[in-house]
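What follows is a set of structures for review.
In what comes next, chain A is part of two complexes: it sits with chain B in the first one and with chain C in the second one.
Now for the complex of A and B:
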């Protein structure tokens, strides 16, 4: 083994003991060579997610519950926009302009057989016709609908004047538009205009934008993760300090309870608690917070036990410091760094558990934009719509990954010896 | 004989044999250690069962009302309360609950067919075992092999990729991973079934003995049933096994690295022993002791993962049962299932500790 500083664990680990937490972070590059970027990347990711959670409306194109398009639109696919297609010399702009007096010849309009454009034309022509009749305008819109098998035949017939107009999908037409300079498009007959480029991650079964729901879901994930972790920290830290410092029966009893809780699968207890409490975000936060108290308790108690025997504690006691002073001024600051590291990993765990709960349909009320709920909803359409289950899961994974990586990186930098869990 | 008795036999016989071995061959210190360990296991089950009992009763929400639904009359509710013993004082109920847990008398289901819960669990529990045992094997093989490999090639591309693998796997929501596998192998390539334990038609030809379909089909020589059970097992096992393997890779890697820095490893290398033998023979063998203990602590991840895996793959195990009973508001069943899980956690960690104490000579004095 080469005897340089970087590769000899004893020397740099020893040096690490003599600098503060912040300086350890700054010096990490020196000790670890390549590992500092681990923390840097994850910190950027974490900050990014927090930003998204704070300002979802800046990023999400639509609201979480807004119905913005046709259902089950694949990512990037254009929604069908049925537009009126006429010759350039025609004056018609909308479907309404094709209405003619009662006894005149009915206009011929071409559509593609059996497609969504045909349905749109039938429905809207009827709607307009009803408006016209009830408005007593003397005009009617009862087109002769000509059905075509291919778009090109239709376009040829419109340009040759055999049809007054056609109703086609805007994007389909745009592909062929250069070959038909004598044709132009009118308005969309449904009044809908296409989102540019379609929807990034498609739409779900009721036509909500998956991407927007994903962005809004970040808020729930971050909120659940942070609040529940802070709550368990607030309970676990004082309990661990007291148990570690006081020892005795109190410590033994509390440790027994905490260890039992720690060994038990948290998700299963959370399932029981949320099932009794009923679905609400606060109940989820509470249930998860209870589960992770032992995590903090164990780490704080362990640190306290280790620090308790140090000479400076002895010195503090000999100059007459009270128990409270020793706990808060001498022991507490030594415990905080490892708690900060655990916190990061804990937020990741809490997000994962929260998503698991709402996936099972136990956590959040079903109206909220949450990744777990979106996944559970998408699961029913797994045969047809892969995008519904792919993206929410990816989002959960990325958030959890960011927090876990940050915790891991910090842990290695702060204390290379403390690496398990 | 009920299937659950067979299961208890399968778990209990090795446990009993090991205990016997410890007490016949073991030293005084080891015996004392094991006794303390058993004495510590019991309070754990007790604490968890009590915790669930009080959660179910102290938290707002009335199980009887929700079991009866909006059309239940006050009279019916009163009747049900009496039948379930819910009209008694809390402490009396607690006493009855503890007595029932000790005698494995979990009572009847509150809703549906009012079947005894023990019967329902004896059908469900084997399914869970059939899922978690192969998954643990997959996770152990990948974890120990991968972790050792990463440790042997420290700070190379192998090490970095395996570390990345373990971090990514740790962040993977298991329910999503299962769905992705379903999407890929079940729906895109149509290679494997995505739901259930066995083909329902083949199921009728199988005589249930242990309700572990693999063992049942081998015992009766029913090979199509074995093939069907195996093909249904592949995706759930990969899901649970891979998700668990991330932690195992991490734990093994760290411990092997630590062991590789020991003096006797340097000595072995100095004697010219091949690196493979040093890593897999000397280092891994000694690293296994802490690895086994730490892996034993992951039972919680295993069981929580099993609950989610069972839900996704429609696997008729304890986890699926728990979720189903919760949506039916059947609190008697829920608290029994959780008590059963607590027992399972305690038994597995006891087993792990026994193995540990047998492997590590330092525990024996």
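Now for the complex of A and C:
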């Protein structure tokens, strides 16, 4: 077709248009000085959080409400279980077995200086001694307590026979047990036997695993964030479209309502709504959804007002498009990209607000594993157990950061006004 | 080209209701658009050309409104049709090409979708394949290669987009295309090609074109007849050769003299005195009288009507009204 080619000076330029998605992604350059990989990283993080939220049981070692160990275990720490330590040829099993007649030589028992094991030995030896005295058995337990600075010295002296026995922390001994085959442990002298420990993020005040609760809490955070954002989107988008396109009294009235909602401090409004509705997950979702409807409404209405004045809308009318066609085929697709970006940032906001509500005791019922609740519970012990609030706090921060970064990054890629060429 | 009118505009008045008052952007306009002609509508910025063009399709939006008049398109009065009936006429029978091709296509739709959607909107029974085939055939005629149809508007140049706009109007064989300054944002080479295209399409499709422009050179090049607007009124209408060779209205004369011309030979270019009037408070009588070198007493009092002043040539000016000229001589 030579005639049309002649009219067409742009054939070689066609090649310039063949730029794929990946290339376009690479072309999105700066985001407040950071590079496109902000989007990649945040997308991976977001996907990760969603995965965790969908399959918490795959990752969390325990259930959200399971009591798995002693309370207030620091991350990685084991509870101290003071056990009797004797040579394998000894018959002693408990502290009581070391009791001797009144005039016999007092047994020598080694402990680590100043540790919880020394306290436990002193207290329990005295307790047993009092029982023996009052029971008129003729036996006494008044051990000669030898204090050691290091576990190895203690173990050496027990195995050499210098000491009858030692009282050591079970977990500490187990680390060195292979080097001392001639030693064995007896019973726990306190009766405390739970040795579970080494939790990644420690345990809380009732002995639940902080890490497991964190994982299960992701489910709540993502659920609240997404459902409330979707609900506000479903309300805000059509209302914004209608108000922007129809204009007039409808627009005025709706904008008045939305602006009043928007002018309210967000958390206070959510507090008011949940205070009226009562604490439950659905009420939190509803409260947050109400809170963010104006965000979508304003964005969509503003975009609609701008798009409606574009020449292509008038051109659409000139080819006989009806109002409904113009709204759904011309205005809606041109408005939706900015909504998608708002959505991501909005999810982050909703998670933050949901956690805030729970923190104030107005959100989830306290039985649910939720970051906000964990924060609220942990803040009472902030001076003794830093891990109770640090990890949920970090989790909230990371989720919010991931969603916000993804939203802003996408805006950078898809908004040509921000894109540098 | 026949003498039979396709579209008769009778006493059309379009006004903008503003806070400062009612502005009549087109007042008491009557003219015919004849079948298969290219009618050029010229006038300076703000004289109401575009308002008139949109009102012809009832595309005006508030605060604009049609205050009165008839729009007789093939005998039907468009003013009496409902909005739905107008929708079925827009695109199918009357198409429009806008000034800025850069913004007159939906940025999120492919070119082919623009075309098929137009076809579907008016002929819902057409299958998708048929619509696509028709669109491709039409685009081919307009010099748009088939593989470019799957592109988005931002991937095309201004000239190409203007072709797409025209093809939208032609997709349903519109009888009349209202082109509102279609070449204003194009460079002269693309403009020339586009004007050639208009002429070819008129031949091939039997198209009638209303070409709204402020560029009198464009009109001279393609139009069969010319209508001249000044301050919301039609002041002169007639055959293009007649108007250019023998213009009657002082405004048209001034307009033609102020176009740069190779025969100027060093003389300074003519500059019309004064400014177009404020349409909120238009001057009484002939709107042009404050600037008219031949203004008479009657021009300040009475509004002139269009009078036949030559073969296929009408002008609204008291100078050519025998009674008025006489009264002036006596006075």
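In the analysis below, the second predicted complex is superposed on the first by the 271 of 421 C-alpha atoms of A that agree within 3 Å, B and C clash if a C-alpha of one lies under 4 Å from a C-alpha of the other, contacts with A are read in each partner's own complex, and residues count from 1 in each chain.
Here is the rule we go by: a contact is a pair of C-beta atoms (placed from the backbone, for glycine too) under 8 Å apart; a residue touches a chain by one contact, two chains touch by 3 or more.
What you are looking at is a predicted structure, and each value in this text was computed from that prediction instead of being measured.
Q: Is A:382 touching anything from chain B or chain C once the two structures are fitted on A? First, second, both or neither.
A: A:382: touches chain B, not chain C.
Q: When the two structures are overlaid on chain A, which partner does A:329 contact: first (chain B), second (chain C), both, or neither?
A: Only chain C is touched by A:329; chain B is not.
Q: Which of the two partners, first being chain B and second being chain C, lies in contact with A:149: first, second, both, or neither?
A: After superposition on chain A, A:149 lies in contact with neither partner.
Q: Could you say whether A:315 touches chain B, chain C, both of them, or neither, answering first, second, both or neither?
A: second
Q: In the overlaid three-chain picture, which partner chain does A:361 touch, first (chain B) or second (chain C), both, or neither?
A: In the superposition, A:361 contacts chain B only.
Q: Between chain B and chain C, pick out the one touching the greater number of residues of chain A.
A: B
Q: Quick one: in the complex, what on chain C touches chain A?
A: The touching residues are 54, 57, 59, 84, 87-92, 95-96, 98-100, 103-109, 117-118, 121-122, 140, 143-145, 147-148, 151, 155, 157, 160, 165, 168-169, 193.
Q: What residues of chain A sit close enough to touch chain B in their complex?
A: 9, 256-257, 259-269, 271-273, 275-278, 348, 352, 355-356, 359-362, 375, 379, 382-383, 386, 389-390, 392-394, 396-398, 400-401, 404-405, 408, 419-421
Q: Which of the residues in chain A end up touching chain C in this complex?
A: Those in contact with chain C are residues 1, 3-5, 7-8, 10, 14, 17, 310-312, 314-322, 325, 329-330, 333-334.
Q: Once bound in the complex, which stretches of chain B touch chain A?
A: Residue positions touching the partner: 40, 43-44, 47-48, 51-52, 55-56, 59-61, 167-168, 170-177, 179-180, 182-183, 187, 251, 254, 261, 294, 297, 299-304, 307-308, 311-312, 322-323, 326-327, 329, 331, 334-335, 338, 341-342, 345-346, 349.
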